Amino acid sequence: MLSATSIAARVRSGEFDPQDVTEEAIARLQERDLEVHAYLDPDIERARQLADRVAETLRRGDDPGRLAGVPISLKDNMAVHGATLTAGSKILEGYRAPYDSFVAQRLIAEGAVLLGRTNLDEFAMGASTENSAYGPTRNPWDTDRVPGGSSGGSAAAVAAGIVPVALGSETGGSIRQPAALCGITGFKPTFGSVSRRGLVAFGSSLDVIGPLAAHAQDAALVYDVIAGHDPADATTWTGTRPSATTEKADLEGLRIGIPEEFLDEAVDSRVLESVSTAIKTLEEGGAITKVIPKGALPSMHHSIPVYYLVACSEASSNLARFDGMHFGPTSESKDTLDLLARYCATRADLFGPEVRRRIALGTFALSAGYADAWYKKSLSVRRLILNEFTALFGDYDLLAGPTSPFGAFKIGERSQDAYSMYLCDLLTAPACLAGLPSVSVPCGLARKGTYKGLPVGLSLTGPAGQDHRVLAAARAFEAIRGTPERSPIHGDDA
Amino acid sequence: MIDTELLERLAGLSRLGLSEKEQASLRKELESILAHFQSIQEVDTEGVEPLTHVLMDSGEPAADVVAPFDDARARLVPLSANHREGFFVVPRVVEGPQPGASADHTTVHDADPGDEDI
Amino acid sequence: MTADMRWRSVIGLEVHVQLSTASKMFCRCEARFGAPPNTLICPVCTSQPGTLPTLNGEALRLGVLAGLALGCTIDPSTKFDRKNYFYPDLPKGYQISQFDRPLCRDGHFKFSTEEGEPREVNIVRAHLEEDSGKIIHPEGVNFSLVDLNRAGTPLLEIVSGPDLHSPDEAMAYLQELRRTLRYAGVADCDMEKGGFRCDANISIMPVDSDTLGTRTETKNLNSFRFVAGALQAEIERQAAVLESGGTVIQETMAYDPDTGKTSVLRSKEDAHDYRYFPEPDLPEFRVDPAWVAELSAGLPELPRARQTRYAVDLGLNKRDADTLVAEKELGDYFEATLEFTKKPKETANWLLTELLRLSNDRKLPIHELNTTPARLAELVNLVASGGVSIQAGRLLATAMEEQPGQSAEQLAQSMDLVQLSDDGALRQIVEQVIESESSVVERYRSGNVGLLNALLGSVMKASRGKANPKAARQLLLDTLDS
């Protein structure tokens, strides 16, 4: 699978025909997705129309854009006008978005060919994509295993070599964790650097859209295209975002700290081993690395409760609009002539168990009598987490560590115990709570143990607004280490 | 931490029509999860302001310029399962004491036209 | 003894005012009453998945203006919160409002009762929020219909302290509040269109007691008559409860204007847990104190100040001052005319009689008449200078409205309304009358001073009504006494 950067260059130069590129991607989708189920809807007609448009632009002699002809898949929680927007849920079955998300507009304007709607945990709530109401996605490295979540479909689509890039969203780890489990690059931008307009909201103060890519430079390219201030999203910050594509990919002199809190005993030892090797690679590149003794990020220990309490509180409110009254399906149960019954039946029948769990948890945390001890308390601890990161960035340019405590676990392994699934976010949630830019880069396969032969991800986190520097470090790392290992389904086609 | 009554209230507040069995198992799950979360109570947050927005700017309000959504009725109303003559159709809204139901919006009776005499 | 005599009421009012913006509070749909159902909607105000709110800057400005007009302190940084509950006219399942940090607070508002007694009320807070949609309940079917045109319209909720003590006081407060908001240009307060709605909180206590009673709330009263009716109904109901030995329960009531009675809508146990939390989709907004100071300086003169100025400085009588102040446009027109006439009483007179009559006859608001302030001033000045008589002036007013191309003088000439005031022609007539009425003159000169009026009448008759009576009288006196 050629990189998106390469495809775009060749489409622009005339070497590649955009319609051929698209047909090849469609063929790969139809063949490989039978095993993987990364897609909820291949949405092939739209891809062909967009490819035609690129071809037409080229015929006219106009600039077809930075992503000309590149097939990109979007997670099915990002609105594309006329496409499905299930958010992995039955409560949006059959619903088609009446408008475009900001990211879709940006991609299309730069000539991208949107191919298919990828699978996700329902409403982005999960770390394995097993919570999708439409069946799980399988990891291209081992189809008995999960691809991670909630952007499991996007990660699997890229790891299977169907498309070079896909978009995912992250609230507690949903871009980086599946990227790590699938052996690809996944980047979570600074909160507010990419517009959330058109993203089905889960945890509004946490949600960020970002790229998953087989080549680190593609993550940078797509980031440059989708990042920007959007007047329709009041939480995007004004001002330019420096280009991630042109930023010098150089590790020389970079001060990289590895907080001991990231090397938690909950992390699998083989994962740690791969990460240690990766740290050495960073040093090879000229970075100055240092393990930061425990005590610099003491509040990180509470990331899971803080993340879940904040995210679920916001989600309990964001999901109130799904009531079967103004859009989407409504409950088929009888006795729904009564207003109250209609609300209750629709939401009980059409929301899955994890979603119901989180709505209940969030409702609890915001309830009178409990809000101070749970919601407000969490927000105070959240500020401590932010402060601790800010202090560290006084001395370090980047913070490194494993992305996920585990490699790809088996389907069904964690799905019976909600809390065991929540632990997947142990290492990713802190950067989400603080709104910091963070990338996961593939750093090899576990040599032995439970996750033998499965990918491990190295996480690099930077200060707010330094998205370009974080992506530059990822590009530099990949340049030193070489092309990452590819999944069996992806094969060796570059 | 979460008794049956509280769970019932939470289900009511969030309009989740759970069966008794479902409520019972949800209650257990939440209790278990909250037991894990209890640790945050030990953190000293004296004088620490809650962090609700990790934003970099304070906001800029938008200009008050009308920008209509083209063909709004034709494009948006049919997205609902029940609609007629341009309205969204919902089960009969009845006013009166209803547990958990909102009665924030009583019927607005027609005002007397001549009522604004100064 | 009526309920009113044994019990004292304590009343607080919450008023929801629709602000005069072009677009909605959190999206740019048009904010307009009366459009066909669901035509003024968009993905944001219909809560489609993935949509986000953006704050209408004009709503913020009008909110600040209102707060200033009510004497409030304005928060230099304002934030929004979500108020969570389910209702079919609230598509998001939450309302974006302001909870713990309202835009405006701690204001003081003065008004007068109908009898002219001064009162003051605390304005506890005024905050911004979005309106809900509308639900219609057709007869005889088991469904209701929802129209979201109104959903998202900007509202300012103004909360008074429990400082009112009778339904009449409540009405007077509401009327002054409405007038003030219209003056400040903040809101039209058109009650027919739902632009000014009131929730009334009331408790009663024995006249000789200091202990506050339990209060009830009656919601969504959108006419002054309903407010007064609901309050009165509650006073009587609560009095009956207490007199029979019962206790008043804190409840939400509904008022039925047809029966004139209130009934329970929702009891405290069913009261909502709104789970307020800060709106994550909107940052805080700075409300620059320098900007607020500018707005404050730019506030127009408010009704009570204007009323005082008219009565005290300009010497108008109370009734005229009241009428001129009732609507800002009337006072503005008055002052514009005054620029040219410098005669407050005469100007007020002509405005309140002839101009309003023309407005009525032509069914046009005064600023749409052909008679502009400058034109009215011409008429006022012409009459005041004695150019035409008052009766002639009335005819002239109509003519001026119908023929805007002609000046007052031109019309007076062509309609032969010019009053004789100059010495020449008038002197001639006076001398003629004195000569022809010699017997009357003699009797006057011998002490019957009342006969002056008869002579004056003859002068008027001889001049076919065109003599300026004052000038004629003076000339007669001068001539007769010489």
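Some observations on this one:
Every chain is named by a letter (A, B and C) in the order it is written, and numbering of its residues begins at 1.
Throughout what follows, a contact is a pair of C-beta atoms (placed from the backbone, for glycine too) under 8 Å apart; a residue touches a chain by one contact, two chains touch by 3 or more.
These figures come from a predicted structure and were not determined experimentally.
Among the chains in view, B has its Cα centre nearest the centre of the complete protein Cα set.
Note on interfaces A-B and A-C: more C-beta pairs are in contact across A-B.
Note on chain placement: the centre of subunit B and the centre of subunit C lie 36 Å apart, centres being C-alpha means. Chain centres here are Cα means. That of subunit A falls 27 Å from that of subunit B. Mean C-alpha positions place subunit A and subunit C at a centre distance of 57 Å. Shared interface positions of subunit B, defined as residues touching 2 or more other chains, are 13, 15, 52-53, 55, 57, 59-60, 62, 76, 79, 82, 88, 90-93, 98, 100-101.
Of all residues in subunit C, those that touch two or more other chains are 43, 46, 48, 54-55, 86, 88, 142, 146, 148, 273, 275, 277, 280, 282-283. Shared interface positions of subunit A, defined as residues touching 2 or more other chains, are 95, 98, 205, 231, 234-235, 316, 320, 323, 325-327, 337, 339, 343, 363, 367. Across the interface of their complex, subunit C is touched by residues 77-79, 85, 87, 92, 95, 97-99, 101, 196-201, 204-205, 231-235, 313-314, 316-317, 319-323, 325-327, 337, 339, 343, 363, 366-368, 371, 375 of subunit A.
Note for the complex: subunit B touches subunit A at residues 2, 6-7, 9-11, 13-18, 22, 26, 29-30, 32-34, 36-37, 39-41, 43, 45, 48-57, 59-60, 62, 75-76, 79-82, 88, 90-94, 98, 100-101. In the complex of the two chains, the subunit A residues touching subunit B come out as 95, 98, 190-192, 205, 231, 234-235, 237-238, 299, 301-302, 304-306, 308-309, 316, 320, 323-330, 336-345, 347-349, 351, 356-357, 359-361, 363-364, 367, 373-374, 376-384, 386, 418-419, 422, 433-435, 464-465. Looking at the complex, you find that subunit B touches subunit C at residues 13, 15, 52-53, 55, 57-69, 72-73, 76-77, 79, 82, 84-93, 95-109, 111-113, 115-116, 118.
Within the complex formed with subunit A, the residues of subunit C that make contact are 43, 46-55, 82, 84, 86, 88, 91-94, 142, 146, 148, 273, 275, 277, 280-283.
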